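Per-chain numbering from 1; labels A, B, C, D and E assigned in written order.
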Amino acid sequence: MKARSSRFARTAIWGGFALLLVIAPMLFSSGLALTVLSQMGIAIIACLSYNMLFGQGGMLSFGHAVYTGLGSFMAIHALNRVTEGALQMPVSLIPLVGGVAGLGFAVLFGYVTTRKAGTTFAMITLGLGELVFALALMIPEFFGGEGGVSGNRMAGQPFMGITFGPQIQVYYLIAVYTFVCVAAMYAFTHTPLGRMLNAVRDNPERVEFVGYDTQKVRYFAFIIAGFFAGISGGLAALNFEIVTAEVVGAARSGAYLLFTFLGGATFFFGPIIGGVLMVLAFVLLSELTKAWLLYLGLIFLFMVIYAPGGIASLIMMNLRVAAFGRLRELLWRYLALFATGSLMLLGAAAVIEMVYHLQLSTTLGDELRFLGLTLHARGMASWAGALAATAVGFGLFEFVRRGFVRHWGAIQEDIENRLQQRSAA
Amino acid sequence: MLNIRNLHAYYGKSHVLHGVNLEVGAGEIVALLGRNGSGRSTTAKAVMGLVECEGSVEWKGQQIVGRKAYEVAHLGLGYVPENRDIFPTLTVHQNLMLGQKGKGKGSRWGFDDMYAMFPRLKERQHTEAGVLSGGEQQMLTLCRTLMGDPDLIIIDEPTEGLAPKIVELVAEYLQKLKARGISVLLIEQKLTIAMSISDRVLVMGHGSIVFEGTPEQLKADPAVRKEWLEV
Amino acid sequence: GETVKMVRIDPLTGLLGPVGVSQFKGYQFFAEKFSGKGNPAGVKFEITSIDNKLSPAESLNALKAAIDQGARYIIQGNGSSVALALADAVEKHNARNPGKEVLYLNDSAVDPDLTNSKCSYWHFRFDADTSMKMEAMSSFIAKRPDIKKVYLLNQNYSHGHQVVKFAKETLGRKRPDIQIVGEDLHPLAQTRDFAPYIAKIKASGADTVITGNWGSDLSLLIKAANENGFNGNFFTYYAGVTGTPTALGTNGAGRVYQIAYNHYNMGGQMDKWMKEFNQKYNDDFYTGSTIRIFEMLGAAMAKAKSTDPVKVAAALEGLEVKSFNGEVQMRKTDHQLQQPLYMSVWQKADAKYPYSPEKTGMTLAPVAEYPNYVSSTPTSCQMKRP
Amino acid sequence: MEFFIISMLNGLSYGLLLFMLSSGLTLIFSMMGVLNFAHASFYMLGAYVGYSVAQFVGFWPALLIAPVVVGLLGAAFERQCLRKVHKFGHVPELLVTFGLSYVIVEIVQLVWGRIAVEFRPPEVLRGPVFTLINHSIDGMRLVWGSAPAELCSAADAAVRVVCSPFPATRGFMMLVAVVMLLSVWLLLTRTRIGLVIQAALTHPEAVESLGHNVPRVFMLVFGAGSALAGLAGVIGGSTFLTEPAMAATVGSVIFVVVVVGGMGSLSGAFVASLLIGVIQTFAVAFEYSLLTLLEQLGMPLSDALRNNSYIKLTLSQVAPILPYLFLVLILIFRPRGLLGKREG
Amino acid sequence: MSAGTPTTPALELRDLRKRFGKTEIIRGVNLAVNAGERVAIIGPNGAGKSTLFNLISGRFAPTSGEVLLNGQRIDGKRPFEINRAGLSRSFQITNIFPKLSVFENLRCGVLWSLGYRYSFLKFLSRLHDANERAEQLLRMIHLERKRDVLAMNLTYAEQRALEIGITIAGGADVVLLDEPTAGMSKSETARFIDLIKEVTVGKTLLTVEHDMGVVFGLADRIAVVVYGEVLAFDTPDAVRANARVQEAYLGSHVADAQGAGH
């Protein structure tokens, strides 16, 4: 009975996921939306593969871009061979080339890096990352120097009218890969290796005393992560049709870490949220405001300090509250938090925007549009308004927050107690 | 000297101490007995300001509830935590050094006293404390606290993991401390030494004191022993 | 008339940001000047700019964004690396989206490949490419017997590579006796400290350095040269570009040369514009190709009686206009603007050559002019026309 | 000859700048176990703050004020952010500093703009400390300050005279670095702070109940480390370039230094800094490649091989990767670094 | 050695030595434990008991000497190799997988012995033998009701039990327990001894203890280690009688130490 219902839940979730992937481009059909959706798929795979190391294996890597990036390069070269006719292969399989490349390099570098854990591991990955990046500008034959390597995805014979010229076709290719990879990586967490990986994260020493070689466990996981990273790289190559050195750069590696963490490394689906956020930030937020990196950094700081479990954990907590049927009573508090919070943020953001404007784009005059409202960077009114909004917002927010914290605490206590009783009963 | 009245302590939300009352007089050895989880260590932590607590703890007449641990320590209270909180990466000698207050001037104790007390430590004074044997670590924690020259020292299960011979040794030294006018609050599991060296014994159960009296009285009171100490 | 939406994709941040920022001011300034009555077609030019951080990949995203915003005219110049990627992307876009074609107007990327092996129908270059500039520079050096040992220091990307290639080729032709005593490529826009390179140059005993460096890569190079006591000649492309004049200061006098299609004292209308620009932005205008882009677009649109890129492209081919440096022509075969070039030297500003960039009291004074027939070079371009 | 001397000095001065940075990083790491990703950002802050302060009160006061300001900022950060995540362990700590590095870069650009600012050293430091004059006949000699023009030019063309001035800024840089080394070393050896913090890393409660105010010490150390970075910033910024990317460019290199030297080993950091500084400077100077090597060995080479771009790569071209190559090799063959005690 | 055991000893130490820096901690230990025997190791603090365990279980490599498991040399091997060879140990300081559920903890202990190695192509839920074994262990250590609780939320005693559970999970036939009852009250200790007896029936057991009650209640034979040497290795009564052991270790009031025991 219980088993069946859980199996039903599982099919429902995966079905829903598939459906979402299929209809997404119909909901948002603009050129921009399509770009965003495609990149999301790519980012999701990358972040999930990163979390195999970070979340599940406790391996803090600062060089994951090496594997996505080298995957991209191999893929783009393969693509160009196909274009020349030197290689017979449907374009739809190019991402696998990336995957194999990622795997290959993981086998190579992983052998070195995974011999160590903890800080040393982090440092080696950092070093390797920088190394590969520096190499990129040194070996133009492979990396194409400053200019990078470009390719044309409309290669080989179209297969039943699919040329991969139009973005929509590329999107669906990405969607398919995304679905398969997510499923595969989820499955991995339920295999012996996946479980021992958690064990190694928690207590490597003891693992050695139950018969496992911690280095091997780390190494194998690293290789598998490399494979998926490579696939995401390969997809990126097809999507952008150009690969430049920065895809192996530290900034990219940093982004994976940052967003995987934001999404929530402690739950499998955390990195999926992370990937989505990553693209939203890079494509939309950066369009919206010049200050986006600042906001990003602040959000990140805030999360590390107050919600180290990432967004996923926040969701799970509330789900738990909901499961005990106490979410409704929090609803209005959430609304209040949201209202006051956004008032405060709006004000603060307006201030930041105006400063940025004064600092960076004075040539464009004093006017700037921000979320639909027009500010005068030198206008008294705008400043007063913004500052007032911030102050008032903050005051109210703080007030509401206090109440919320108390209420939340009470609920948690109640839940704990009920759990106690259950395990007692 | 130490006077605890109606002390309540909490770990997050779980309420562990429910109104503990106890005193320790000057130059007195008081044993605090009880089962696992009865709250003895928590009492110690509460006095040292290591857990959040309410109530009154007076030390030499001044209220110290809510003080930071390092303030309490500077007032002359010494604390030997349970389960061997030595500093693994430091050498034995450095561990002792950290025990000193300031440059350790005017302290009743110096390194030599400690090494005299436990020659084993002298042998290993330059090895990293982390690799010491369980027992050696236990000795080290005791000495480290003494270096701070406390007037009252709270010892949490000092004989845990010690060979019977050493247990006797420790017992002797606690009496030596007493001789030097240092009061001791001894948290113990092993009735034997508690009974043999302490002036008074307190028995703790479910976060409050359930028996108070001399060792003799406790011996004479099987009911209490049965209910609160054995099973 | 109708408005022509143009987007400039260029670095506005990073070490080379200052160049892009200053150039963009130029575009805003002249978009205003040339709009409406300013051009024969009477169109209104509207220009915005997207920061590509000098990265080709970023530039392609920027291109997508620009097209989403409905721009049909893309301008870029800073970085041949970017230029090559952009030309390729525009080619693809136009092939895949007939009816939505965009034109790529290149104001400063001077890698000859763009109008030779990699030439594209949708790409038009308004600067003079390295083959032309080197032709002129070498002719000038040919007349300087005191130059015996040359050192080639360039940025490690296509532009730098081409400078090296053509410097060797042309000098070999015109001054076989000159000795190339050293040759270095350094990463683009990353080197903060050129002292090691200067030490090396001095050790090589070179009396002249030829460099295509620009922005910080040139100003820091020259700063280091001054600090570490190198006092040979510099033959440059971009001595006039933002930041470099300050670095040159007074002690570059008579040693630093620039080959370009313009200089600070072109006279006539240009002087007025530069003065006005300087007052408005308190900055110096040096990217003259900006002006010709507007001149030629206007003319082409008038000729085509349309702003549709396809028609305009056709009209641009072979188009001739009279510009601040005389008759210029967009060569049909490869879309390379044919134009005269000037060799100028860094010296005290005086009555004859008054304009002084970045308040240095110095200026770039012309010492030789090379008319079209001299500067012009053959092309290997086989243009694929739609 | 003078080429060698000057290059060596360049290398050393660059190395010493690296050391100024890595010393602070080492201090923080060895004591608090925190890998401070924002360290280079504090360096940048130092440069910018120094720049602004110098506008008002001149360079020398700025040289003192800027580090203090940065130090305070560092301490504040420790108090407000780092302390909060301390209980979660090292990874969150590292991540907080990681996030901070993002924020600082943006704030710097917010306040000072996205393009380099003109941070010029004071008059006294603009000239050279000394000038090497290499006369093809009279040989080499050294004059303090800059050499008069007549010394640097010869009457007849036969004799060759080369003047190589050594910039005062770099001389000053070396001086400060050495002073810094001494003071940090004293702090570590003459005080008990080091021990207290090490102990507190594993058993904060025990240390507190021995009467040490742990939080305050942590704050002080972090502040001090940041201040050192700030000082380095003022000097580095005025010698080289003050721009928003300056943090990123030194950032990864100083990690290399700290790891190569041995996590938390000050002397190690010192050696590694000089090593990397010199290597990188000289690498630029050498045109040797595998090709030249093989030719020296008199091997017969096919033209195909000659044109193989990999073996044509010269040392000067591969210069940028050397530090990282070094790092990886060290971590493989000597994970505790050159002079490190325990594994990081 | 107790008289005539024809079969090869389950565990044998031959002139085992270990030095840390200058100090030699284990100075030539010889010991032969027969299959199915329960041996307790006692000795003063710092005598080298835990070190001995670390040498046998592969945590440290011995400086010299041999360790034989059922006649096979295992000295100098890595811990996981030794474990695969059929020797398993517990730790003096509790050493479990805090962030995994009790059940998962046990299953981790089981996996290798059932030959699943590093497989990433099988679902755990399909590994029926592994799951059954884990459930069975769960019952053995009386933690069924905590099946899905994270190990870090167990009480101290429960964690100690889990510690034992993981140790025996792999089905090793030689089991080393280092101060299994450390930090437990008399009552708990008593219960715990029974547990240990239950779960180690038929296995060869080696344990370090200070609690004489436990030692005498559990061991068939007792080895007394002093200053890295075996002072005596004999039946409990013989050891208690042994004068040298008396002054070296037990001290006078061992009698009432027991008294408190039972």
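Some points to look at:
Going forward, a residue touches a chain if its C-beta (ideal position, glycine included) is under 8 Å from a C-beta of that chain, and two chains touch if they have at least 3 such contacts.
Keep in mind the model is a prediction, meaning the values are calculated, not measured.
Touching subunit C and subunit D together: A. Just to note, of A-C and A-D, the chains joined by more C-beta pairs in contact are A-D. Averaging C-alpha coordinates per chain and comparing to subunit B, the farthest chain turns out to be C.
Separation between the centroids of subunit B and subunit D, computed from CA atoms only, is 49 Å. Averaged C-alpha coordinates give centres for subunit A and subunit B that are 51 Å from one another. With each centre defined as the average position of its C-alpha atoms, the distance from subunit C to subunit E rounds to 79 Å. Chain centres here are Cα averages; for subunit B and subunit E they lie 31 Å apart.
Touching two or more other chains at once are residues 187 of subunit C. Listed for subunit D are residues 114, 317, 320, each touching two or more other chains. Against subunit E, the residues of subunit B that register as touching in their complex are 35-37, 83, 120, 123-124, 127, 131-136, 138-139, 157, 160-168, 189-192, 230-231. Residues of subunit B touching subunit D in their complex: 45, 48, 50, 68-70, 72-74, 79, 81, 85-90, 94-95, 97-99, 101, 141, 144-145, 148. Put simply, subunit A touches subunit E in their complex at residues 187-188, 190-196, 198-199, 201-203, 205-213, 216-217, 220, 224, 423. Against subunit A, in their complex, subunit C makes its touches with residues 24-25, 28, 55-57, 60-61, 64-65, 67-68, 79-82, 84-85, 88-89, 92, 96, 156-158, 187-188, 281.
Considering their complex, residues 192, 195-196, 198-199, 201-203, 205-214, 342 of subunit D touch subunit B.
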